[in-house]
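Each of the next two complexes has subunit A plus one more chain, namely subunit B in the first and subunit C in the second.
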Partner chain A sequence: MAHQADEKRMLDDRGYTGTLIRGANPLLLFEKPVRDRIVESMYWKEQCFGLNAATLCDRAVELENIGGIYGAAQKPSKFLCLAFKLLQLTPERDIVLHYLRQQEWKYLRALAAFYIRLCWQPKEIFETLEPFLADYRKLKRRAREGFALTYVDQFVDDLLTKDRVCATSLWKLPPRTQLEDLDVLEPRISPLGEELEDIDADRQDGRTEDDSGSDVEVLDDGHGLGNGHDHDNDTDVDGD
Partner chain B sequence: MADRKGAYGDKANDTSFRKTWDRAEYAEKAANRDHKLKEEGRARYEAAISGKKYYKRASTPEDAKETEARKSRLDVASRVGTTMLVSAGSAIGKRGKGAGFYCEACDLTFKDNRQLVEHENSKQHLYAIGQTGEVRRATLEDVKERLAWLKRKRDEETGREVLDLGTRLEVQKEIDEREREEKRRKRNEKRRKTKDGMGIVKQEVENDGIIC
Partner chain C sequence: MPPKRMTANRDRSHRYFPGKVEYAQDALSSDSENSDAEVSSAHQPAKPSLPKATSFPKDARLAANLSKINLDARRAQAAAQEAERLKREAEARAKEEEGFVTDDDNDEDDGSRREQESGSEEEEQEESTSSEDDVPKRRMPAPKFISKTNRKQHSVPVFNEEELAAQEDARRKERADEMLQLQLEKQAAAKAAGKKDWDDDEEGLADEVDDTDDVDPEEERALWKKRELLRIKRDRDAIESAEKEREEIERRRNLSKEEREAEDREYIDTQKEEHEGKGKMGHMQKYFHRGAYTFDADDETKQLLNRDIMGSRFQDDARDKSMLPSALQIRDMTKIGKKGRTRYRDMKSEDTGRWGDLGVRDRRKDGDHRLDERFLSDGDAERPGGTGANAYAVGERRKRVDDSRDGRRDDKRPKYGR
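For the complex of A and B:
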C-alpha cells in the first residue's frame, strides 16, 4: 500500500477512503486557512513532496523551531508543514512511538507529541505523553512576531491543557480528573513524588507558626514599585 | 526495376537514397496489433456479458519507478545576477528552451522557480520521468535505520569540528591562503583576456570633476 506523493488526492472532491482520524479525513484536522497556507508554501511544495515516514526524519532533524503561523502573510512554520505531512501519511503506532521515544532530536519528539495529541484517544494521550513532562530541554518557538523560549515539558503541558497550540484547535480532551473518576486512568503519580509531599508539609507547618514571611523574602531596594509612581529619576525634593 | 531504361536510353541511377522498409518488422507490428484488438474485443465481450462496463486503461509501464523525496533543493541563489543567452525563437510559450527555468524531460520553460517546482510535482512531469507518483510506505525498520544513519552523519560532523584554538587558527589560515590563490588566478585570467595582457588600465585625470 503506497501513499501518494502529495496531498491533492486526499483533499479532493472525490471523497476520502483511508484511515479515519476522529471519524474524518485526517487533513481536515487543520483549519481551511491554515491548510491553504501550508499547501501553497514553497517548503511544502519543494521539500515535503514524496516523503514517507523514513525520509520525513531527514527533514525533521533539520527543524530548528516549533510554531504555527507567523508574519503578515501567515507563513506556516516548517514544523507545521511536517505535522501536516504526518497527518497525510498517518504512520503506524509504533513508528510514532519511536519518533517520540528517541532521545536524539527534541524537535522530532515535539512533532510526534503534537501528532499524538491530535490523533489518539484520551487515555493513550495521557499515558503516552505524561512521561515527557520530565524532559527539560529548551525549544525555540516561533510566535506570530518573533521567537519565544519554551521547554519540551512546557510544550507537552500546553498540549494537554490548552485549546489551541500551533495554529490548530485541538480536539477537546476530557480533563484527567474526569478520566480518573471513570476509572479509565490511575491517579497521577508525579515524578517529584516525595519532594512534593515534603514541600506541602513544610507549607502546612509554616502557616501555623504565623510567620507568613518565612518562605518569602521581601527585597527592599528603595525603589518600590508603588501604585502610580513613575520611574523617572527626577531630582525633586518631594518624593513623588 | 534496376535496369529500366530511362527516356533518353540510359540506365536508372543509384536509388540508394530512397527509403527502404523492413518488412519483417512491420509484419510483426501488424500481428501485435491484431492480437491486441482481439484481446480487447474479448474483454469487451466478457464485460458485456457480465453486465459491467469495459474501461480502456493505459497500463503502467513495467519499469515505472516509485517517487522519492527530493535529495537536493533547486539552487536559485547562485543564478542571481548571472546572464544567460537564449535564442529568441527557441521557445514558444512554455515549450522549448527559453529564458527562465527549463525542464529537460518535458521541454518546458518556466519563468519562476516556484512554477518549476510545481511542474516537477505534477503528474505530467512524473510520467515523463517514468515515476508513478506513489511513495513506498516505510516500515519501523526503515525509520530506525534512517534515524541511526542521521545520527551517524551528525556525529561525524561534530567530530570534525575542532575546538582547540590553535588548530582552528591554522585551518583558517589555510582557507584564507586558498582563497587568495583563487582570487589571484582569476585576476590573472582576466588580465590575460584583455589586449596585450595589460589589463584594463584605469585612466586618471587630474582634477577630474573639479572645475577650477
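For the complex of A and C:
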C-alpha cells in the first residue's frame, strides 16, 4: 500500500480495495471519535507514518503501557495508535502469530492479542488466545485518569469476555459454551489442570490435603490465595 | 544617491548656494590626475564657509585647545610616512622586477604619480576629516599590482572598513552556527534520554505503577493462580446456572396446569409484598421516578437502581398532608412561596363533573322551583319541536322591498326595508 502524506484516503470507504475485515474497511472497527483522535495525534503523525510490519516492531518495543483514550482531551495512547496502524497494514497471519508468540516483549504481545480479537474468527480467537491466560506478567494500563496495574492474562481474559476494551467496542464473540455445544471447540483445559482436579477431589471428600509438587493451599473458606503467610509453604518442595 | 554632478550638465556654471555641498566630478574625467589636481584646488573655494555662530560647546578650555591644534604637523608626519613607504615599495618592486620585461619608466612614473596622488589624497583626507567630521569622505586606494612573492610577505594585511565589516559578519555567523549546533545536540540528547514531546504528562504518574516482572516470582505466580481459579469458578457458575434454568423449564413442563397456576400466584404475591415493603406513595407525595434509562450494570449499580425511592422521607416532610392548611397541601413542597407553581392538587378536586350524582333528576316534577328552561336538563324540557334553538318555530319573514316589484329594480343589491 502506498504511503501517502495524507492518510485520510484510507478512511474513505469509497475506494477501498484492501483486505476486508468483517466485510468492511478494517479501520472502521474503531469508532469515529476514536479514529479522529488517533489521526490527529502527534504520535500518529510523527511516528506512525510509513510503518511496515518490521518497523512497527521497533515502535512496539518502545511501548510502556496499554490503554485507550485518556485525559480531558481524549488523547489516544500509543498502544491504540499502533493497533490502528496494524489494522491499516493488516499483516499476514504468520506475522501476527509471531508477534503474539514471541516471549520477550509483552506489550507487543498485548498488541497482537488485541488485533487478533478484533479481526479473526471466533474459533481461532479462542484457540490462539487461550494459551496466554497462563502469562502472568504485569502490564501498565493507562486509564482515563492515571495508571492501573494489570496482567497479561487479565488483559486476555478481558478481551475474551468484555464488550469494550481500550476504547473499542469489540465485535461480539459467541460465548465459549455456545461454541462447545456446536462442537466447534473443546472444553477448556486450564493450565492448573491437575491441581484443579485435586482441589475438586479434596472438596468433595471434605478433607484438606497437600499434594506433592503442588504449592496450592486448599481453599476452605472460599478465599483466594495470596495471603502473606501462606507463601512460606511454597518454597517447600514436598509441600507436606 | 549618486552625486548630482554625474547627470547634471557639466558645462553649466556652478552657482553658489550658501550651505549647499558641492560634489566633485571624479570618475568621468579622462585624466584622473588633472581632475584630482583640479578637485584639490577647486575643493577649497567650493567648501562652504564656516557659520558665524557655532553650536560647538563654549567651553573656553576646549576652544583654546582647539586653536592650538596644528594640523600641519600631522600632515607633515603623514607625508613623511607615506614617502617612506613608497620608497620601500619601490625598492622592493625594483628588486624583483629586474627580470621583468616591463616598462620601468612607466612604473616609475606611475609610482611618482601614485605618490603624488596618495600625497594629495592624504591631504584631502586630512582636510575632509577635520572639516567634516560626521561624514568623512573615503577614497579607495588605487589598486597596485603585487606579484606572487610579494603577496606572501604581507604578514599583517591592511583591510578596509568594509572588509573588516565582512569579517565581523563572518565571525558572528560562526558563533551563531556554534550556538545552533549546541542546541541541536542538546535536543538530540534529550530525545535519546527518552523525553518525548508528546508525552509530557506521562512521566510522573507512570512511576507509581510498576510493571517490572520477576520482582517476586512466587507472589506473582500465586496471584495468577488466584485469578485463574476465579475465572474457572466464573465459568463453572455460568454452566451451572444454565443447567438450572433448563431443569426448571423441564420441571414446569412436567407439572400440571393447576400446579403451574399455583406457582404463579405465589410468585405474584411475593412480588406484591416486595412492592409493599417499599414505601407507598402517601397522599400528595411527590413522585420521584428513577428514570427509564437502564443498562447492564454490576451489582452495586443494580442495588442503587432498585433502591426504594418512594419510601424515603426528608426531614420536614409531613406524612399526612390533610392536617396541613389547604395552602400547604402541595405535592412538591419546594415550590411553596414561589410564583410559578401550579395550583393543581389532584384530579378529583379539580374535576367539575358530577359523577354518579343523579339526585337532580328527582327534582323534575317540582314546579315551584322550576328553573328557566335554559337551565333545565335535556330530559326535562322535551318539546315536540325540539330544544334550544329549535324550541320556537321560525317567525314570519320580514317584508322585503324588492319582493313587491317584480324585476323592475335597477340595482341588483337587495334592499331590505326598515
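To be clear about the criterion, the second predicted complex is superposed on the first by the 195 of 240 C-alpha atoms of A that agree within 3 Å, B and C clash if a C-alpha of one lies under 4 Å from a C-alpha of the other, contacts with A are read in each partner's own complex, and residues count from 1 in each chain.
Here is the rule we go by: a contact is a pair of C-beta atoms (placed from the backbone, for glycine too) under 8 Å apart; a residue touches a chain by one contact, two chains touch by 3 or more.
What you are looking at is a predicted structure, and each value in this text was computed from that prediction instead of being measured.
K.L.:
Please indicate which partner A:H98 is in contact with in the superposed arrangement: first for subunit B, second for subunit C, both, or neither.
P.N.:
Once the two structures are laid over each other on A, A:H98 reaches subunit B alone.
K.L.:
Contact-wise, after the overlay, does A:M42 reach subunit B, subunit C, both or neither (first, second, both, neither)?
P.N.:
both
K.L.:
For A:K140, is the partner it touches subunit B (first), subunit C (second), both, or none of the two (neither)?
P.N.:
second
K.L.:
Tell me which of subunit B and subunit C touches more residues of subunit A.
P.N.:
C
K.L.:
Classify the contacts of A:T90 with the two partner chains as first (subunit B alone), second (subunit C alone), both, or neither.
P.N.:
Touch status of A:T90: no partner.
K.L.:
Which partner chains sit in contact with A:Q74 here, subunit B, subunit C, both or neither? Use first/second/both/neither.
P.N.:
Touch status of A:Q74: no partner.
K.L.:
Thinking of the overlay built on chain A, is A:G50 touched by subunit B (first), by subunit C (second), by both, or by neither?
P.N.:
first
K.L.:
Touching subunit B in one complex and subunit C in the other: list those residues of subunit A.
P.N.:
Shared contact residues on subunit A (touching subunit B in one complex, subunit C in the other): 42, 46.
K.L.:
Can you name the residues of subunit A that touch subunit C in the complex?
P.N.:
For this pair, the touching residues of subunit A are 41-43, 46, 64-65, 71, 106, 133-134, 136-140, 146-149, 151, 153-154, 157, 175-177, 188, 190-192, 196, 216, 219, 224-226, 230-231, 234-235.
K.L.:
Quick check: in the complex, which residue numbers of subunit A touch subunit B?
P.N.:
1-6, 42, 45-47, 49-55, 57-58, 61, 91-92, 94-95, 98-99, 102, 104
K.L.:
Okay, in this complex, where on subunit C does subunit A touch?
P.N.:
Touch residues, subunit C against subunit A: 197-198, 201, 205-206, 208-213, 218-232, 235, 238-239, 242.
K.L.:
Provide the residue numbers of subunit B that touch subunit A in the complex, in ascending order.
P.N.:
Contact set of subunit B toward subunit A: 66-70, 73-74, 114, 117-118, 121, 126, 133-138, 140, 142-147, 150-151, 154.
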